[in-house]
Amino acid sequence: MSEGNGSAVAVEVTRKDFVSDQEVRWCPGCGDYAILAAVQSLMPELGIKRENIVFVSGIGCSSRFPYYMNTYGVHSIHGRAPAVASGIAMARPDLDVWVVTGDGDGLSIGGNHMIHALRRNFNLKILLFNNQIYGLTKGQYSPTSEVGKVTYSTPLGSLDYPFNPVSLALGAEASFVARAVDMDRKYLLDILRPAAEHKGSAFIEIYQNCNVYNDGAFDLLTQKGGKANYQIRLVHGEKILFGAEKELGIIFDDGEAKIVNVADVGIEKIATHDMHREDPSLAFALSRLAHGPSSPTPMGIFRSVVRPAYDDAMKDQMDAALAKSGAGDLEKLLFGGETWEVPAAT
Amino acid sequence: MSEGNGSAVAVEVTRKDFVSDQEVRWCPGCGDYAILAAVQSLMPELGIKRENIVFVSGIGCSSRFPYYMNTYGVHSIHGRAPAVASGIAMARPDLDVWVVTGDGDGLSIGGNHMIHALRRNFNLKILLFNNQIYGLTKGQYSPTSEVGKVTYSTPLGSLDYPFNPVSLALGAEASFVARAVDMDRKYLLDILRPAAEHKGSAFIEIYQNCNVYNDGAFDLLTQKGGKANYQIRLVHGEKILFGAEKELGIIFDDGEAKIVNVADVGIEKIATHDMHREDPSLAFALSRLAHGPSSPTPMGIFRSVVRPAYDDAMKDQMDAALAKSGAGDLEKLLFGGETWEVPAAT
Amino acid sequence: MSTAPVKELDRVVIRFAGDSGDGMQLTGNRFTDATAILGNDLSTLPNFPAEIRAPVGTLAGVSSFQVHFSDHDILTPGDAPNVLVAMNPAGLKANVKELVHGGILIVNSDAFTQGNFDKAGYATDPLEDGSLEGFTVYKIPMSALTAGAVKDMGLGKKQVDQSKNMFALGVMTWLFHRPIEPTLDFISKKFAKKPEVAAANIAVYKAGFNFGETAEMFVSSYRVKPAKMPPGRYRNVTGNQALAWGLIAASVQAKLPLFLGSYPITPASDILHTLSNYKHFGIRTFQAEDEIAAIGSVVGAAFAGHIGVTTTSGPGVDLKAETIGLGVSLELPMLIVDVQRGGPSTGLPTKTEQSDLLLAMFGRHGEAPVPIVAAYAPAQCFHAAIEAVRIAIKYRTPVFLLTDGFLANGSEPWLIPTVDSLPDISTTFATEPNHEGEFWPFLRDPETLARPWAIPGTPGLEHRVGGLEKADGTGNISYDPDNHEKMTHLRAAKIAGIAKDIPLAEVDDPDGADLLVVGWGSTWGTIGAGVRRVRKNGRKVARLHLMHLNPFPLNVGEILSRYTKILVPEMNMGQFSKMLRYEFLVDAKSLSKVKGLPFLAADIEAKIMEMLDE
Amino acid sequence: MSTAPVKELDRVVIRFAGDSGDGMQLTGNRFTDATAILGNDLSTLPNFPAEIRAPVGTLAGVSSFQVHFSDHDILTPGDAPNVLVAMNPAGLKANVKELVHGGILIVNSDAFTQGNFDKAGYATDPLEDGSLEGFTVYKIPMSALTAGAVKDMGLGKKQVDQSKNMFALGVMTWLFHRPIEPTLDFISKKFAKKPEVAAANIAVYKAGFNFGETAEMFVSSYRVKPAKMPPGRYRNVTGNQALAWGLIAASVQAKLPLFLGSYPITPASDILHTLSNYKHFGIRTFQAEDEIAAIGSVVGAAFAGHIGVTTTSGPGVDLKAETIGLGVSLELPMLIVDVQRGGPSTGLPTKTEQSDLLLAMFGRHGEAPVPIVAAYAPAQCFHAAIEAVRIAIKYRTPVFLLTDGFLANGSEPWLIPTVDSLPDISTTFATEPNHEGEFWPFLRDPETLARPWAIPGTPGLEHRVGGLEKADGTGNISYDPDNHEKMTHLRAAKIAGIAKDIPLAEVDDPDGADLLVVGWGSTWGTIGAGVRRVRKNGRKVARLHLMHLNPFPLNVGEILSRYTKILVPEMNMGQFSKMLRYEFLVDAKSLSKVKGLPFLAADIEAKIMEMLDE
């Protein structure tokens, strides 16, 4: 044996190990860069081997993501990433599967796969880059664009009432639902970490600035003072408060969530966030506090509950079938049941 | 002029006028018959001329519906009814457009068109016949089937966590959401009537018995005593009570709806239904009281709010463009802008 | 005991016809299974409406099942029935015109009521108005006799009515000397959890059998000796079942797990149903939300190292087009099974047709060639499935496997192959870098042009694939014009090269004919029967039946060039004949039938004779 | 004032090349518009990467725009540029190999830095290493000069950098004696709301112009006289714009409102964008959630009495397949516009290709024939759109209109037709029962075989249509075998019959050649140029270019039969040649190019010469 092969050196895995050799081709200034950096820096923390990670995307600027991750990856077709990823998850429960999609890719053409993936609760971490625009096709409005948006396809303003992605995910039975924003790496990582650990589907809406076709869409939240005054950060087990002095808070009243002055109602009336609540109504009510980032907007983990993941249940069912019937025997299968013999002619 | 042509006799329109000459081809005993009868009997009440009504469906047993209505109709392809119907609604705001679909047609393959139709709020009345099974393809489980359902495609039991169609519709920003059951014609009509009058999309989930492949799925609600004990009937402006003696009721507590003994909390604590509430959180919380008809299930109109219908807004936008620019002039269009003259050679 | 004499027949065609609620498919299948066990050769043709239970008593509601069995090898379910069992007037009306002259007609006379005449559109009672002269008619009050048989067993009226098919089956079992045990077994198993229903069905079945034996109604009973078939163990299979089992076998022979992503659709659903039962073979079945998700999951499973399969029919193929193109671009093995049915659009969903061939060839944007394998007989679906998977795996490509409604639901005896006789279709995954210490996912095998299959979990081979054009070798995104042309040619050459890896086509031409009949798919049996007839007439005709439709076997052009006349019978408007024409510039004439039903041997015979006489 | 002499040229090909952020498309378009107004004939070829802004300075990020203009009529954007404007080293590297020997090279010397050499993969400075000998090189420090021009206008560094393309445009405007007013107008309008940006752009543009005039750098300037073109009023149009206007015209000429249901996709999106601006023409545009919803809405709109149109590219066509089949079954007028791009799968989304022809022909399950119209030049898209709508309306059928990325983005001068000269394509809706007091929706016009179009709102004509097979006449659901065959033949005959209603094909064969070049679509110009060159060589060649691809004009077979050699150049692997082969059994040879770029005239010339000499 030659030298150098004998000793196993514990190599520290770093962010760099997750950077692929492909040139990143987003516009300078695009919010996608920050998210990529965050995800690359998260990977070493997870302790999962690079070869056991797969990133799957559809089509869109955001969907170029997998090329830049030094893991396995599939850049599929428009809207179909959850479907492709579900096949990987079902076939290979040993893998860690991530989906990267856009507001067009994941909510317009791919909306159906999205809601079905969420209700089935596949083991998928789904990052929805919401820039409220179609970037790659050069700026048409998307299902998350605000009403009245002037774009190439809507010169007189769009007419569509947008989705609230968090509400939609909750309505589709998602077990983990969160919202973050590209600019704040630390907070993004605070959300991605539990998402990565979640069993089942984790849906994370990430507000992402497209500085070419929809610049400044999230300025309210990311501007100076925005974090305090316009981000309602949800923390499990804590009172839901925001504002520079935490002077504003949330109460539940007659079936809905409302913003109040803490001083007006008293701190004890202020709701405590409970992301593990079985019933998604609480999370849903919180999601209705804002419809798009044009007013104080709840951020963080809305919901995180445990429900069997489809792919795990599939594996259990297969294991049970195996235990019950033994490993399939082709010969027995073919020759079992109603058969008859034609004797050789004599 | 010949006789008999001169006098316009006011003819009374009846249910029969809406019965087509086509033989109804559902299985004997199918719940679809009752719904057809109810809809046919509703039509004359609406005072809309037969020729101004269009029924559009996809594929499935339920989707045969349009053939039996003596109106205009399109039996389209699997899952696409909302898309086809939206084209009719946008092209012709003068028409009254109905969609008939199944749990497979409307929520499985057609889920995306459904949620987008709801958020856009087209003027469509959408009847989703939920029999929790694929009827036409002879009995596979559907996205509303309960977990563990044994069907041809799931001999060891299904693994999918089902949609709650009402929650999904609310998560998709639906402006009118209701639930009814095939057997109770009067109650069904009580819901269809306001649905018919609603501006925008009205989504009505109708529990429908498939007596061949999923018989008895709704027995709990339709059995003797089921109406009182297992149907939580929502009435706008009234306390939400049920049970033989109205001894049970609903309260909102810390962001969710709960069933309580009225005696335990006192009638004043019992929630009052408010279907016109702008915020859908209340309706959503009510929808979470049951996940499938296996426990007391809220019925009736969960939500009915006014929001501009896409097709109306489109018409307004076109009218405004017309008012601003005048009727388009093709000659002016072609010869306007940067042009130059090549003179005839001399 | 019956004193009726026993007649020996060499072959019989029986058709069971009644309401779609009358259980005709079950009756036909039971009769067929008993016939198979007896060792006859056989072929079946189910025919039913698209509605689950179309209106009782109407022509639209008629469901039928035809079985052809014999003491020699046969190829088709038979052109015209010798025996028609009609459970009601509609069943009679819809089918009697095809009953052979002098044929036997057995009717449930209890159903011949004025109400049913009206529904079927009979002005007068056909049993009385003389219109059935020329047939041997047996009127049996089956409803009443059924009711009598279960009188004290506490069944509801509906249940009694629903078991009268068992009475008919009993009568036919006696009349054709079929064994009764298989049916008794079947009933007991089927109703294991409802013993009272089982008992009632058995009672009715036996009552039918005994009626035949004791009623002295029948002038004779009939026997058809076992066919002289190659020795071995047989079972009766439908095409869908054989196909499902072929996929299981392919998984075993490839030593790879099978992943089925599917969405129910007639007439393909049964493949999904069947495979769902074999989880202990490591088979995953996933009923997706639609066809696009189904094949999407298949792409994922293939990337992850499974044999990805999706099963569907025409409308589903349409929807899968874009994802098949992705599969072509990613060069991953996967199988698309298209059980063709009557089109266009929803068309005739329960009927057969061969009209998706050019869709399989060309139904994707861009230059996206895929191999096509077509099964040609119900049992042969087993081998066709293995062959299709073999090509997919070896060449890392989506493959189309075409069958149709007739193959899917039709059945025939199958000489079960031993596992040893099945091909080894295993492959190897990439495990090491293949280019100067790097892994290049598009560095091809020089012989097959297939790219390496490196699955997640393999350290050091992390790579990304996508639908954008890829640089030859590295697989990185490339917009280079020359590279695009090169890759387009490489993808085409890879598929064309499969021709070297499939058997040469074998033409059947014992006599040196001038006319060649070329077919594909389920017309195999009927063309064979038609050709036989022509040869019996003393005329010469050659035939060629292809299982590989893209690429063609290497010698097809040469074979075609030997004949002056070429006839291509197809259940479409001439799709395969177009392929032969553009590929080989031969004047292939199309014989087209687009009726949702298979050709009759007589159709083929007549056309061949016409062309011979031209 | 410049003392440089003025040279007269008969034609020039200029290519602008730089980063995708450098505004090369805009620069090219501005230059083109000024050229058009001057009365030159012209043709353009934009070429850009799929990324919005691919990495700055790299080869992958290069965007270019080629314009060919002349004093005579020309057919193509030119094989090779005479002038290359390179804004950076990558732009130079990617394009210089095509610059003609002795050509002019204008570079922004400020961008020739070590960093940019590295990004472009230059080992040494190409401006210094002698590699550009053989070209006339002008080095202009455009970045610095641009900065100087706007020094006091308070612009940010990024904004300054982004306007250096205006400097280049100014230089070229001077060098080729283009008018400056159109560009000044354009800038003022574009930045009407940001006057400071407008002012800066104008300053830079003028600075570029003045630089040319004063710097005494250029040895001469150039003039290209107006082309002798047919008299009339002209404008410059791209294919997408002409197509959108053609749809508007079709709506006017049909007296029916137009409904566009679409989903954005390169290179088709601009048609949606353009039509969105014409609401006052009664045009509804709907951006749907996906391609399936888009065409679904079109089916609804068509049922409701509108001209339903959907616009897309290959991947979208795949997705629409099932719904197109529904349209065939419902027999409703609608139009599917496919702006073809490089495939398979996502392929080369911004590049051109003609590889969806057989998809248009066969890309649906079942027998579902649809007419196909193919536009052949940017401006001609206008008339092609009207013709496609005419057929759709008259025959109540989905129609495919094929264009491609080259036509879509390429532009040329267009002799604007007067509205009077456009055909009347109006139709009538059914208003009365048509069969014994009943309305039968499938009772056909005996001549066209078209069915009546009865729209909701018409009393007494209430009817239902669906995708299941329909009884001839009544349109009621029918599973009757004979009816299915009849309807299949009727649908086919209706489409085939359109051949009687389109002009005969005209072959261009002045000299009585043996070799015929047959083309379709955007190869029109290049084939024409290639054929011209061959004829200039003194050799004989004939050409035929088809706009109607299904059905073919009635005389195509006869024309083909006159030639011994047939050549079919296509930007695919030979799809059209397959159609000619199966239809006419002629040995049509394919000349294939699959590079995402149009043919060069030289490609065509070379192949013709080769075949002539065979």
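Read from first to last, the chains carry the letters A, B, C and D; within each, the first residue is number 1.
Here is the rule we use: a residue touches a chain if its C-beta (ideal position, glycine included) is under 8 Å from a C-beta of that chain, and two chains touch if they have at least 3 such contacts.
Bear in mind that the values here come from a model prediction, so they are computed numbers and not experimental data.
Engineer: From the centre of chain B, which other chain's Cα mean sits the farthest off?
Structural biologist: Greatest centre separation from chain B goes to chain D.
Engineer: Considering B-D alongside B-C, which chain pair is linked by more C-beta pairs in contact?
Structural biologist: B-D
Engineer: Would you kindly tell me how far, in whole Å, the mean C-alpha position of chain D lies from that of chain A?
Structural biologist: 39
Engineer: Mind checking the centre-to-centre distance between chain C and chain D? Centres are C-alpha means, answer in whole Å.
Structural biologist: 45
Engineer: Of all residues in chain D, which are in touch with two or more distinct other chains?
Structural biologist: Residues 50, 60, 279, 289-290, 315, 322, 326, 330, 345-346, 466-468 of chain D each touch two or more of the other chains.
Engineer: By the touch rule stated above, which residues of chain B touch at least two different other chains?
Structural biologist: In chain B, 59, 75, 77, 108-109, 111-112, 116, 143, 156, 314, 317, 321 touch at least two other chains.
Engineer: Chains as vertices, touching pairs as edges: which of line, ring, star, complete or other describes this one?
Structural biologist: Drawn as a graph, the chains make a fully connected set, so complete.
Engineer: Any idea which chain B residues touch chain D in the complex?
Structural biologist: For this pair, the touching residues of chain B are 20, 22, 49-56, 59, 66-67, 69-77, 80, 82-92, 94-95, 112-113, 116, 314, 317-318, 321-322, 324-328, 330-331, 333-335, 337-345.
Engineer: With touch defined as at the start, can you tell me which chain B residues reach chain C in the complex?
Structural biologist: 23-28, 59, 61, 64, 75, 77-79, 108-109, 111, 134-138, 140-141, 143, 152-156, 212
Engineer: Would you tell me which residues of chain C are touching chain D in their complex?
Structural biologist: Interface residues on the chain C side: 49-50, 60, 313-315, 317-319, 321-322, 325-326, 328-330, 340, 342-349, 351, 353, 355-356, 358-359, 361-368, 466-469, 479, 481-482, 484-485, 488-489, 491-492, 572-573, 575, 578-579, 581-582, 585-587, 593-597.
Engineer: Going by the contact rule set out above, which residues of chain D touch chain A in the complex?
Structural biologist: 21, 50-56, 58, 60-61, 263-266, 269, 272-273, 276-277, 279, 285, 287, 289-291, 315, 345-346
Engineer: Along chain B, where are the residues that touch chain A in the complex?
Structural biologist: 108-112, 115-116, 119-121, 143, 156-157, 159-164, 167-173, 252, 254-257, 271, 274, 277, 279-282, 284-286, 288, 307-308, 310, 313-314, 317, 320-321
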